[in-house]
Structures are given as C-alpha cells and as structure tokens.
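Okay, got some structures for you below.
Two complexes follow with chain A in common, the first pairing it with chain B and the second with chain C.
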Partner chain A sequence: MSERVAVRKTYKLFIGGKFPRSESGRSYLVQDANVSLASRKDARDAVVAARAAVKGWAGATAYNRGQILYRVAEMLEGRREQFVALGVPGDEVDAAVDRWVWYAGWSDKLPQVYGGANPVAGPYFNLSAPEPTGVVAVVAPESPALLGLVSVIAPAIVTGNTVVVATSPTQPLAAVTLAEVLATSDLPGGVVNLLTGRISETVPALAAHMDVNAIDLTGVADAELAIELEVKAAQNLKRVLRPAPADHDWSADPGITRMTTLLETKTVWHPKGV
Partner chain B sequence: MTATATSARSELSELGRSETALRTFLHGLPGVDQVGAEQRAAQLGTRSIKTTAKAQAIDLAIRMVDLTTLEGADTPGKVRALAAKALRPDPADPSCPHVGAVCVYPAMVPHVAEVLRGSGVHLASVATAFPSGQAPLEVKLADTRAAVAAGADEIDMVINRGAFLAGRYSEVYDEIVAVKEACGSADGGRQGRPAAHLKVILETGELATYDNVRRASWLAMLAGGDFIKTSTGKVPVAATLPVTLVMLEAVRDFRAATGRQVGVKPAGGIKTTKDAIKYLVMVNETVGADWLDPDWFRFGASSLLNDLLMQRTKLTTGTYSGPDYFTLD
Partner chain C sequence: MFEYAPAPESRSVVDLKPSYGLFVDGDFVDPADGGTFKTVNPSSEEVLAEVAEAGAQDVDRAVRAARQAYERVWGPMPGRDRAKYLFRIARIIQERSRELAVLESLDNGKPIRESRDVDLPLVAAHFFYYAGWADKLEHAGFGANPRPLGVAAQVIPWNFPLLMLAWKIAPALAAGNTVVLKPAETTPLTALLFAEICQQADLPAGVVNIVTGAGDTGRVLVEHPGVDKVAFTGSTEVGRAIARAVAGTRKKLTLELGGKAANIVFDDAPVDQAVEGIVTGIFFNQGHVCCAGSRLLIQENVADRVLESLKRRMARLRVGDPLDKNTDIGAINSAAQLARIRELSDAGSAEGAERWSPPCELPERGFWFAPTIFTGVTQAHRIAREEIFGPVLSVLTFRTPAEAVEKANNTPYGLSAGIWTDKGSRILWMADRLRAGVVWANTFNKFDPTSPFGGYKESGYGREGGRHGLEGYLNV
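This part shows the complex of A and B:
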C-alpha cells in the first residue's frame, strides 16, 4: 500500500466570509508556508464586503453581538491545539479566549457606561447614545500574533463596526487560522475581513479610501508611514487610533478606549410632556 | 454562414406582408449554438482593460447610460433630480460627460423635458403598456402618442410576448410597425421635429431560448425598430452577456443584408463598471467600432452610473471613493 500524502493547507485571504486567493494571484513565503500577498484591489474588495455587512451587524441587538463574540471564544478554545502547533504559546491562546469573553460582555454595557441622560436647563429629555462609526481599517500589531490581533478586532466589532484588518506580515498564520474560527462562529460574512501581506501596500489604500470611516494604526511600527497614513486619513475625517508604543503590554487590562474611539455619539432632544 | 446571405434586400421588405413568409423566414434563421455563445461571451469577459483605455471606456459608458427610473413611486421631483444628474453626473468634475438619455414613464416626460431642453441629453419614455405589453393596440398607440407629444424623442416599446410565443409573428410585426408610425405621428405634437427613435424591448428573460431571441431581434428590425433592447428590468432575468451577443450578431447580419444600422441596448442587472466594460469589449469584437457610440449602443441602468463615477474618481484622484459622495437614486 502506498503511503498517504498529507494535505497541505493553502493560506488565503478572508473577505466577505469567504477564503479567496489574492486577486493578484501572488503569494509570499513566511513561517514555512505560502501565504496570499494581498493587493490594493483585495483591500478595495474587502471594504466593499465590510460596507455591505455594516447594516446587518450594526442593526443586530447588542445582546446578539455579545453572544456571537462569546461563540468566537468557544470556537477558539476548541482549536487551542491548532494554534499551539503554529507556535502560539498556550498562555497566549488562553488570554485571547479570555479577551473575546471580556469584550463580549461589553456589548450591552458600553452604551450604559458611555451614553445616558444629559442634564439640560430646559423642559427636555436629552439622551446620548453611542453608535458604531461603520467600516474600520485596522493594522494589527506585529506581535503577539494572536492576542494582539484579537485585542484589535474584538473592540472594533463588539459595538457594531465592521473591520478590514491588515495582519502581521511576519506572523500571518495565526490570523488566517483565526479566520477559520470566525467563519464557524455565526459571525456574519464581511464583519471581519483579513488581508495578509505587506502593510505598505494595502494600508495606504485603506487610509485614503473614502468609504472607510476609521483607521486603527496600532500595528504601524514605522513612524513616517504612520504620519503619511494619518494625513491620508484626514481627507475624509476618519477617526484615528494612533500606533501603540513598542513596549505596549498586551496582557494588561485593555480599558475601553479602543471601543469608544470607534464610536459616534447620537444625541436626542425630546420635549417633556406637560 | 449568415442567414442574410440567402435573402436579398427586396425580399426582406416583403416579409411583413404575410404570416407564412414571416414564419418561414424567422424559422429559417440558423439556430444559436448555446454552448458556443455562452463560452464566447465568457471569454470576451476576461479581457483586462486598464489605465487610459479604462478611462476612455468609463467615459464612453457614461455617455451610453440611459439613466432610468421606472417605479410606481416616481414623483416629478424625483425625475427632475434624476434629469439634473443626467446633465452633470459628477458635479465635482466638469470634465465628466453627460449621459445618453433619461428614461421614464410617459406621465413623467413633461417634468424631465423642462430640465433637458437643449442639452443634448435624449429623453426616452417607455410606452405600449410597459412592462407587460398586455393591452389593446389602441391603448398602446395612445400611450406612445402621448409620450411623443409630451416631448420624448425616444420610445421604448415592449413587444407582445404573448403573441410572439404563440407564434403569431405578424401580429407582433404589425404592432411594431404601428408604434413606429405613432412615433412620428403628425398630430401636432411633434411640431416639425424628427420622428422619435423606436427602441424595441424583446424581454429576453421571457423568450426562453436564444433561437427566440434571434428571431425576435430580426422581427423587430424588419418591422423598423431603430434599437433592440434586451429587457424591461421588471422580470428576474434581465440582460446577460450571451443574450446581448446574439442580438449584436443579429444587428451585424441585418446591416450586411439591408445596409441599415440598428442599435442595441442591454438593460437591467448591469451594475458595475466591470460589467459595462465587458459589454463594450463584446460590442467591439462582435460588430466593431461603428457601434461604440451612444447613438448605437446604450446601457439601461440606474445604479451603474454611480459605480462608473466612483471608478472615474478613482482614476483621476488615485483614491477609492465611496457611495456617500454620490447621489442616491
């Protein structure tokens, strides 16, 4: 009997809930695997997919979004060994699972903490409520590959945004594997889109894209590139999260700034009944 | 071999006289190779059009758009806004060409005519009991005359699919001839203007086979249609590349046989710049550059225009644009 040949995985992009190859047909060798090298057009397609997903995801109840994020944590827990086999430390996988759970809990609590009734000098109810800003472009931190990625995706999507993420160029396998987790977690297609490849290629297109509402520059290590991206982002007044310092501690309590930066505030004046 | 090689010009003009002659001719047209047509259309769709060629194609496609709104909810204000958009599709860029025409229901024609007067943008109106075409002939003709009198210079009529599918070809033929006459009707409404152009909608989604599409195309051209148009946009299957290919072959063969050039208008379901460029490639490869002109090829569309404008903005500014920056329609 001939010996069985193992099936090798092709690592592809994650756009609109599907796993397409790069439109350019290119790939690059990293972590002993061929990984798709995303082009500007892939970035454009990802934005289209993310935009299409905004209505359903932002329209879902906060409770429902929380449940789905919790489901992601469950699925990630079940694939723990797979991530460990990719070289992600077990502690980091556990921390990533915990982070999904932590953010899942915020889904219906953030509006209470961050919105509410405002005192006004007049016969009105005045209420402020946070709303998602829309499509967010995210540059994931170079490292830690999994915890860093989860720590930037979860706060953006828990409030109802959809994201296009440029993953760590040197450690993309955890990201592509996380995409498989997301694809099996009841997360609607297009809410999270992952682009593997060079940051200098895809992110400038995202920063200048007029249909992107915010950009998270956390993973941009090059200070000059960060400035260039902020200038591009200013064109349509994107909300911007500045790059994280090199010594940022990803295991520390993340706080709520990542969530609140990617929100708009809607304030309603309502006359009091007589 | 083309069907036309066998038919002399004089014979073609006699065909409408008898049901038998018409049926014999239409059924004598060579059958369409379905697999071949679909494969050819798919193959032409793979051409890559970039940079300056793309910029040229986008501008041409914008000039070919029949900006359409055919909703029960159309209001004078809405169609006026659409007409204003037809004149200046991209208010931010004066170099952007105007579209080919605005296409509305007859009741909306006067409101659009005010805006378009003297602009070079044509005013098309659907008529003849659009979209089903299931009304008595007198009603259809009155519909047409009213649209023409109100200022439409292009009429989009629907053929009587019921009669066509039942095999009553001369009934369909006579109707087209009558509507064609109504387009140029001297009832005072035209006031010396040339007769309105007649676009004949085949509603290919209801014709079931490519053979029927070819027959309907020939029938419409023989009866005097100035354009043949795929669809109303009101049935699930609208314009497709293979159907348009069959129609383009028909107009090519018709010109070879009679010397008269007929235009083609795919309508419905063409939403992206990429789709539009595929059609342009097919036109160029099937009938040649003679048809690459808004007088001979049009797109019946509404959402297509915004995508063309977004792609145009991308080419001129280098950044991807978004739907927030263009009108909703």
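This part shows the complex of A and C:
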C-alpha cells in the first residue's frame, strides 16, 4: 500500500475575519512554508477592516469581550499539539493560554480600577472612565513567537481596540495558526488582523496611516527603524508604546501599562440639583 | 446697556521690577548671553518689565541644577516632607492670591473677575490636592513602589499662565521629580513671582527652575538629553514637533494640545441656561481656551430662538479694562494672536458665513476683539475646522442626535464637548459617542484638581489632574 500524501496548509493573511492571500500575489519561504508577503496595500486594507470593527467591538459589553477572550483560551488549549508541531515549546503554549485567561478577566475590571468618581469641589457628578483609543498597529516581538504575539494582542483588544499586527517575520506560522484559533472563537472579524512579511515594508505604512490611533513598537529591534516609526506616528499624534528591551521577560506579570497606554480617559460632568 | 461706574482693582498690590532674571538653582540669575525681551500689558501695550531670554547654556544650567536637586535632595526626600513643601506653597499662593491675580490680569489681559475667582482658587487647590498625594503614591494604583522619572521639562502656554504652571509643577513635584519650566514669552511674570514663592517656602534649590524665553528656548529645553520627561501644553503643530523630537529617547511625553469643541444644544434644553453655557463656553478668557465650545451645534427647530437669546445676552457682555471688576471680556493676549483671530474671522466672512457682533466700543490702545458669532457655517469652512483661540463662535445646526454626534466628531481634535438637554438617557448616549476627553453636560468649562483633563486624537495624550495626572510623572 502506498503512503498517504499529506494535505499541506496554505499560510495566508488574516484580514477582516477572512484568510486572503497578499493582494501582491507574493510569498516568502520561511519555516519550510510559503507564507504570504504582505504589501502596503494589504496593510491599508487591514486598517479599513480594523476600523470597521471598532464600533461593534468597542460597543460590546465588557462581559461579552471577556467571554470571547476566554473562548480564545479554550480554543488555543484544544490546539496545543498543533503549536507544538510547529516548534512552539509546550510550556510556551500553556503560558499563552494562561495569558488569554488573565486578560479575559480584565475586561470588566479595568474600567473600575482605572476610572472612578472624582470628588470635585462643587455640586457636580463627575466620573472618569477609560475608553478604547480605536485602531492599534502592533509590531509583535520576533520571539517567543506565540507568547509574545498573545502578550501584545490581548491587552490591546480586551478593552475594545482593534489591531493590525505585523507578525514575527522569522516565525510567522504560529501567528497564522493563532488566526485560526481567533476565527473559531466568536471574535468578530476585523478585531484582529495579521500581516505576515517584512516589518520594514508594512509597518511604516501603518505608522503613517492617519486612521490608526496608536502604535505598539514592541517588536521593533532596529533602533533606527523605531525612531523612523515614532516620527511618522507623530503626524496624527498616535499613542506610542516604545520597543521592548531585547531581554524582556515575557513570562513575568505584564502589569496594566500595555492596556492603559491604549486607552483614553473620558470625564463627564453634570450638575446636581432639583 | 445701562452703565456701571468704573470699579478698577488697584494695581498697587503688585510690586513690578524693571527687569527679571532666570530662576535657576534657587536664585535669580542673568542669562549667559545677556539676551532680554519685553513683556507688555495687552490692554494698554505698556511695557511691564524686561525679562531674561534663556539660551542653550542657560537651559543646560537649569537642567543640571534640576538633576542635582533630584539626586541629592528631592528624590531621596520622604514623601511626607515633599508634601509639606507643597502644602506650604499652596498656602502662600492663597495668602498672596490678590497680588498674583492682579499680576496675571496685567500680563495676560484676562478680566480680574476670572483671575481672582477662577484661576487663583484653582491654582491653590491644585497644589493642595497634589501635596496630599506625595506620601500616598503607593496607594495610587500604579504598583507598590512607583518611582519618579527624574527631571521634567515643562512648556506652558499664555492663556492660563499660573494655572498651567500649577497643573505642571504640582504633580511633578508630588511624584518626586524636579522641574525646569518655560512659561510663554507673553506671560512670564506670574511664573517669576511663583519662583519668589518657592524661595519664600524654602523649597530646596534646584527643585523648581524657571527659564523664560520664546519657542527656541522651549525647543532647546525639550530636546535637552538630560531631561526624562516632557510635558507640553500648546498648539497641536508644536505638539507634533515635540513628539518627533522625543522619538527614540527615554523621555516620557504628555501633550495637551488644541481643540475645536462642539457645544450641542437640543430642543428640550432650558434656553436661558444653555445660553449662559454657550457664553461661558466661548467667551470665558476671551476664548483663549483650548477646550472652548467654539462650535455651537443647535437643533434646527430651536436655532432661531437660541440665537435670538444668545445675541441678546452677548449685547450685555462688557469688553474693556481687565482690572475693572465688572469686565466680562478682557484684552486679546498679543498682537500676533489678534492677527490670527482677524485672519480666521475674515476667512469666515469670505467663505460665506454670516458675521455678527453686538455694538461694542473697543479701547483705542491695546489688543481687542469684539465677541463675534458666525451663522450659516458649514463643516467645510475654516472657522468650523481650525482653532481660532479667540471670542469667535461658529454656529451650525443639526436635526437628529446621530447627526449631532457625526458633526461633533468631525474634527481631528478631541479635547472637550458640551451637551444641553433635559433628557438623562440622551446625555449618557451622547457622552458615550463623543470622542472627547471631557464632556460637560448641562454645564461647560468646569475645572477641578481632582478631575482628569486631556484629549483624544490630535488634542494630545496623557491626563492632567486627579489620580490620572500622577501617571505622567511616574515610571509606570
């Protein structure tokens, strides 16, 4: 009997809840696979998808967002072996699952921890509450491929932002596989968009994009490129998370700064009276 | 309009010196290259004093003094002691509030009623509020051991000179940083009087440094490699330049920039209250307010009624001597700002909007602009898009709440917004959808040290005031 011929997977982009090839028709060989080489046009298309998703995702209840993030953890747990087969260490997959669970719980707590009533000196109701900033461009760390990626996506979306992520150029397969997890987790299309390819090609377009509200430069290892991107981001005063140091410990407690940097605080006043 | 007898506040309470040096390391010093500039009273064009212009060497000296004070004195000092210095400063501001208010009105042109009743009480309250945080930072929600950043470079505008100083210096010092602050070139005097107050409070030398000068001084300051934090309040254009300048550095940046706020009046709003809110929104401080309600959106079916009432109210605004206690609208801060207001107003007429001002006698000397409204404004007009920063209101109309939201958010700015309606659920629905950092419902232009202030989008980032205001000065 002849050996069965395996059905190979085509690794594509993840934009607006769909898996398109790059509009440029290009791919690059990495991790023994032909992976889509995203273009600037793909980046712009991803921003359009992310913008379209903001209203529904930011407008969803915090409870609902928390449930969906927890569902992502469930789906990821079930695909543990698939990630291990791609070379992701088992304990990294476990840590990535746990990170989704940790962030899932923040959805309906951060507004309480980070907002609240202000005791103004007058007869006014005065309340500050955080809101998502909108569309966030994210440069995922080169490594760890899965935990690093989850650690930058989850804090951005848990509060209601949508993201366009430039994935690790050298280890994109974990990212595309995570997209399959996200696509089966009730996460609305467009909340997370993933671009595989060269950071130097897609990210400058995102940094300069006038409909992007914030940029997370965590994965930018090239100091010159980081400066160029931060300068571009200033054009519409994007909120900026600067690059993480090379020795950043991704297993440590993440804290809340990743979430709060991508939030706006809105303060509402109203007089009290009869 | 019926006449009031003149009721001028005496300026004898202010002891103006002919010239002022820079405040560096606890002393007033001459600038290295001896440069000076003049600051004038915008209501009379009288020269008030000559002020030192800090160059690169002076800025460097100030940053070094701040670094030394941070490392040797202020950084290691227990929070409870930092608190006591700040409480002391708050008290001296209260004790000398009349002097500060008169000086502010002289240098800025704002009515004494506002500097006395709004600016100064808020300045003292701001120091009082942050003084209390200095020994409680571990309870502020930024982790168990929040650390200061180091030396803060702070650049402030001319519209609320002393209040902006308080918004910058009080949280910086409470968090354990030292500061180098540059006041605006047209309004340096209250900052220099504040320097004297620091001396009077025996604040350790170098904790607060004041370098006077124009844009170049500010640029040198924010670009100085020795600063760890940059805080700027001013125009979006300069804010962008600063964001570019700090790219790739360790400097933490907070920006409070321009605005083009919508003040939205629904058909169920009490008209008299709304009109007071419209007037407060755009004519407070001559409209030199980044969060001014400069775009009035009126529901179409009540537009005529609201405008008629607004015009009647505007005819009773008193424009004139800032030191007169009856004055509602004082002088425009500078010739340059007056030119900008005139240019944009002329563009409003040229683009087809209808201009109206009440009959209004303006003084011959000084910089003045009558309160003005434009009706028939479209969203494409420059006066609906650009920040005028003067007593000029652009009036638009809308039919549905959704249209009001659409128009209100149709701007790159996002600092503030106003809503006038009797319906509570509509207020909350609107507040959720307006992309602005401060939403005033059935009120406008209210400020408090406990209440975070700052913008969305191109109005900047970071918050000043409240617990949130500490974050920009802590290593979190």
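Just so it is clear, the second predicted complex is superposed on the first by the 270 of 274 C-alpha atoms of A that agree within 3 Å, B and C clash if a C-alpha of one lies under 4 Å from a C-alpha of the other, contacts with A are read in each partner's own complex, and residues count from 1 in each chain.
To be clear about the criterion, a contact is a pair of C-beta atoms (placed from the backbone, for glycine too) under 8 Å apart; a residue touches a chain by one contact, two chains touch by 3 or more.
For clarity, every value in this text was computed on a predicted model and none was experimentally measured.
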Record, for the superposition on chain A, whether partners chain B and chain C clash or fit. fit
Just checking: does A:Leu173 make contact with chain B only, chain C only, both, or neither of them? Give me first, second, both or neither. neither
Winner on chain A touched-residue count between chain B and chain C: chain C
With both structures superposed on the shared chain, find the angle between the C-alpha centres of chain B and chain C as seen from the C-alpha centre of chain A, to the nearest 10 degrees. 80
Chain B versus chain C as contact partner of A:Ala208, first or second or both or neither: first
Where does A:Trp269 make contact in the superposed view: on chain B (first), on chain C (second), on both, or on neither? second
Which of chain B and chain C A:Val181 touches, first, second, both or neither: neither
Partner chain in contact with A:Gly122 - chain B first, chain C second, else both or neither: second
If we overlay the two complexes on their shared chain A, which of chain B and chain C does A:Gln235 touch? Say first, second, both or neither. both
Minimum Cα separation, chain C to chain B, after superposition on A (Å): 5
Does any part of chain A touch chain B in one structure and chain C in the other, and if so which residues? 235
So, in the complex, the side of chain B touching chain A is made of residues 318-325
So, in the complex, the side of chain A touching chain C is made of residues 113-114, 116, 118-122, 124, 126, 128, 133, 213, 223, 226-227, 230-231, 233-237, 239, 255, 257, 260, 264-271
Can you list the residues on chain A that touch chain B in the complex? 44, 47, 51, 205, 208-212, 232, 235
Which of the residues in chain C come into contact with chain A in the complex? 125, 141, 143, 236, 239-240, 243-244, 247-248, 255, 257, 412, 414, 427, 431, 435-443, 446, 448, 450-454, 456-458, 460-461, 463, 466-468, 471, 476
